[in-house]
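Two complexes come next, and they have one chain in common, subunit A, joined by subunit B in the first and subunit C in the second.
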Partner chain A sequence: MHERLSFYIKRDSLIHRLNPLTKLVLVFAFIGIAFTFPWYWIGLFLFVFVLIPLAFIAKVSREYFFTATRLILPAAGFLFLMQALFQPIGEEIIFQFYFLDATRESLAFAFTIAARIIVMISAFTMLLLTTHPSELMSDLTRRGLPGQFAYVIISTLQILPQMQAKAQTIIAAQRSRGLDTESTFLKRAGSVLPLVGPLVFGSLVEVEERAIAIEARGFTSKKEKTSLHEVPDTVTDKTLRWILIILIILSILLNLWLS
Partner chain B sequence: MLDKIKSNFNTQTWVLIPIAIAINLVVGQIVLTLKLPVFLDSIGTVLVAVLCGPWAGALTGALSNTIAGIALDPGWFPWWPVAAMIGYMAGRMAEWGFFKSWWKVVVTGFVIALTAVIVSTPIAVYLFGGITASGSSFITAYLLQTGQGIWQAVASTSFITEPVDKITTAMLAFAIILGLPKRTVGGYPKAANAEAEGADRNQLYIAIGVIVLLVLFAAFMLRNILGG
Partner chain C sequence: MAFVNIQNLTYKYPLTKTPALQNMNLQIEKGEFISIIGANGSGKSTLCYALAGFVPHFFKGEISGEIEVDGAASSKSTLDEWVVNVGLAFQNPFNQISGAKYTVFEEIAFGLENAGVPREQMKSRVEEAMQLTGISNLADRSPYSLSGGQQQRVALTSILVMQPKLLVLDEPTSQMDPIGTREVFSVIHNLTQSGMTVVMVEHKVEWIAHFATRVIALKDGAVLTEGKPSDVLTSDLLIENGFGVSRYTSVAREAKKQGLWKKDKLPVTLFEAAEGFNTK
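Moving on to the complex of A and B:
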């Protein structure tokens, strides 16, 4: 299972130094433009001429290509194949195999969808590679996101690996007692409860204790909290955000105007 | 309205949510290793929805997908409205008293499944053109080949797979609440919604029977679709 808490890679680059909110707006700009800009090649264009150079500027190209080959391309490739073979549109059949056929239109459609998905997931991956989750959260909290949300996201990222480890222990323990997790369907279905039970009860019992602990640290206090860690927000960041927002709006307007 | 939302959240709710999200994801992974034809990745969401209320449930669902997107696979992001609606509906059903005995829990599970079908269909159609990267898309693809409309094909696929998954989820959540000590349950805002009216063994067997029937129904539908 995943040992790493998040995708974050600590480096020093132009992109790493950007304000987290700017990077979040950048992600939405990528998605918004990929989905609305009325030009057939937009997805591929964004991927080749914007996202890949960004990966080099951010000095995370190796990690990005690793994620891309392991996660993004298989998903997009599968989606492309399914769409190309199964979309029942178009007349001109390019090739046929049994009852599967790919037409010019279905190939074109599959390409659009796959390119959009690649851009969407790549943009998020880029954000996650260059931004530490707690940095993003402390910046958003400073801008008025309730502290409870930040608590939920950060503490889930902490609890998740712990619970995965616990799950592995429980699986190993129950197997050593002879629990069948591999044979017939009924036996596998029957082993859900012995595996899920201990995991869930074990973690739910902790809730009350944790609640008392964070309550003692002023969790629900209405007073404004100070932050130990200041996240810089420069003029460049602000300008960049406005430019990106204008780009998204332009793309949507163009789409409406041309359709 | 705002007061109603606020009534879902006390400190214990905020502490339960991260644990519920972790339960969602880790139990989902366990079920994946067992190679069962269900996801069971919203048990935590249903738990929060029942114990704390619909708004807390919706938040848990939405954040659950966000965090799965951050920590496991960014492909989870687009489905957050489905998870949020599952949480909301589970909470509403519990408020209407439908989380107190086994047969009511089965009804709740079915309603949640319907909600999931209704919310996920537009996302699948608009974002992925109907065919997503999940295994059940083979059924959708086949239905599309047989000349069905895209909306029908996507909706009938999820209608075959969802009820079994969501009813099992609801029943597991109910079993967990029954097994928790009263003192632990009592601290949550909507603890009264989860007060069992007596957990009748016979009802449990009938509920399990319903699931078996649904599995058979799905298998039968699949055979019909693929054979015909």
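Moving on to the complex of A and C:
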């Protein structure tokens, strides 16, 4: 089975060394500014002049471009088309496609939305590429995020690939017993039903056992937890976080002031 | 008083009619290595859960009688207090992986993090425990990438590292090869030598005969018979009640009928059998 169950790329870079919370604040700064800063080109600007250089600084440019071309840009492109053609705003028709038309306004709107989405997903991708999930969670738990909450997030991230693998196993097993999973949609929909049982009931028993297993290791202990990983939090981190927060606030204020 | 003391324990899972444990009485001394045997559904796992506090604190249901470990009563404790003293590892290793950790090292440290053990101490305890069970080489692997047998060792190590006073193991070697099983048995044997008390559900009678200090045979939620491995594992009572016995015991039993086995006592292991057939 897969050894790698997270996006994390272990490398040594300025960004890797930042505290996880700093990177999380950075993500929210990107989102906050992209969504509020009252300048038409802000999304594109952030993408080209901040995010892309950041990918190089973080030494994850290859992995980032891989995700960008496979996932982020296609998703943004699709969103752009939908918004441009279906937004019923504006008068000045620039482009027509049967009964759908793109106006100057709807194109501008679509462009803004798509750029924001690119910034948002890119920022998150960058966080996941440069931050070990355990470190993110132990840092957040140390700062007061409930342990149960962190557990749910991180175990879901890990267990999804497991579920997928299990579904494949069940499908293979059922198919070898003559179950049809490859013909027409309706037939297939009907034949998927026998898969639900093992997957769900299997999972329920598993959930119970897993609950026992983590409980046996003191998961709900009332003692204050410690953490294996030491997650450094430097003065640079703290300063950077304050600067980012101020930037977000300024962007919001500027937005309110201009509208 | 005995280190573990079970008094008149009767327990019914919620929504069931027949009790899974019926009027059970059991005393275990410190440092004993107890092996539990019994057919499917005879209550072995339920007994493990009862010792580890999950019956009744997790499973609910109707309970009467008392379970005491090291002078403390389960009924007067909460589960999170109880698990500090009693460690439990069970059969399916996959479901014992916390799912919150990316490496075996982190996985084993999980319990220590929950217990609030300081970082430096945590690292040395994890390393020690991995050395003990022979999995130091797996430290950086993902727990999900391991074989069933390796995962069982990780599960065992994850509990051992917490240094419980009583270790409860429910079929911990079911997915291990003979070499792995042997190693686990000898690790557990060494632990009992240094004072840990172990209760282990296990079917591999030859290993039980070799290492356990006492065997307890369960039937329908009650103790059928108990005693020294060499006595219990060769008793007629086990055969009459459909328990699996060692092939050496079966062979010698037949041999005895035909006058080929001269000794009084039947063998459990290959060694005892060979020795027995050599006595004239």
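Basically, the second predicted complex is superposed on the first by the 252 of 259 C-alpha atoms of A that agree within 3 Å, B and C clash if a C-alpha of one lies under 4 Å from a C-alpha of the other, contacts with A are read in each partner's own complex, and residues count from 1 in each chain.
Keep in mind that, in the parts below, a residue touches a chain if its C-beta (ideal position, glycine included) is under 8 Å from a C-beta of that chain, and two chains touch if they have at least 3 such contacts.
If you're wondering where the values come from, they're calculated on a predicted model, not measured in any experiment.
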Partner chain in contact with A:A216 - subunit B first, subunit C second, else both or neither: second
Which of subunit B and subunit C A:A167 touches, first, second, both or neither: first
Partner chain(s) touched by A:K225 [first = subunit B, second = subunit C, both, neither]: second
Contacts of A:S134 with subunit B and subunit C, given as first, second, both or neither: second
Which of subunit B and subunit C A:T125 touches, first, second, both or neither: first
First (subunit B), second (subunit C), both or neither touched by A:L85: first
Which superposed partner A:S155 touches (first subunit B, second subunit C, both, neither): both
First (subunit B), second (subunit C), both or neither touched by A:L204: first
When both partners are placed on the shared chain, which of subunit B and subunit C touches more of subunit A: B
Common interface residues of subunit A - those touching subunit B in one complex and subunit C in the other: 1-2, 5-6, 133, 151, 155, 159, 206, 210-211, 214-215, 219-220
Residue ranges of subunit B in contact with subunit A within the complex: 9, 11-12, 14-19, 21-23, 25-27, 29-31, 33-36, 40, 43, 63, 66-67, 69-75, 77-78, 128-133, 137, 140-142, 144-145, 147, 172, 175-176, 179-180, 184, 187
Touching residues on subunit A, where the partner in the complex is subunit C: 1-6, 132-134, 137, 150-151, 154-155, 158-159, 162, 206, 209-228, 230
Complex contact set, residues of subunit C against subunit A: 49, 52, 54, 58, 79-80, 83-84, 87-90, 92, 94-102, 105-106, 109-119, 122-123, 141-142, 144-145, 155, 158-159, 162
Complex contacts: residues of subunit A adjacent to subunit B: 1-2, 5-7, 71-72, 75, 78-79, 82-83, 85-88, 99, 109, 113, 117, 120-121, 124-125, 128, 133, 148-149, 151-153, 155-157, 159-160, 163-164, 166-167, 171, 181, 185, 188-189, 191-193, 195-197, 199-201, 203-208, 210-211, 214-215, 219-220
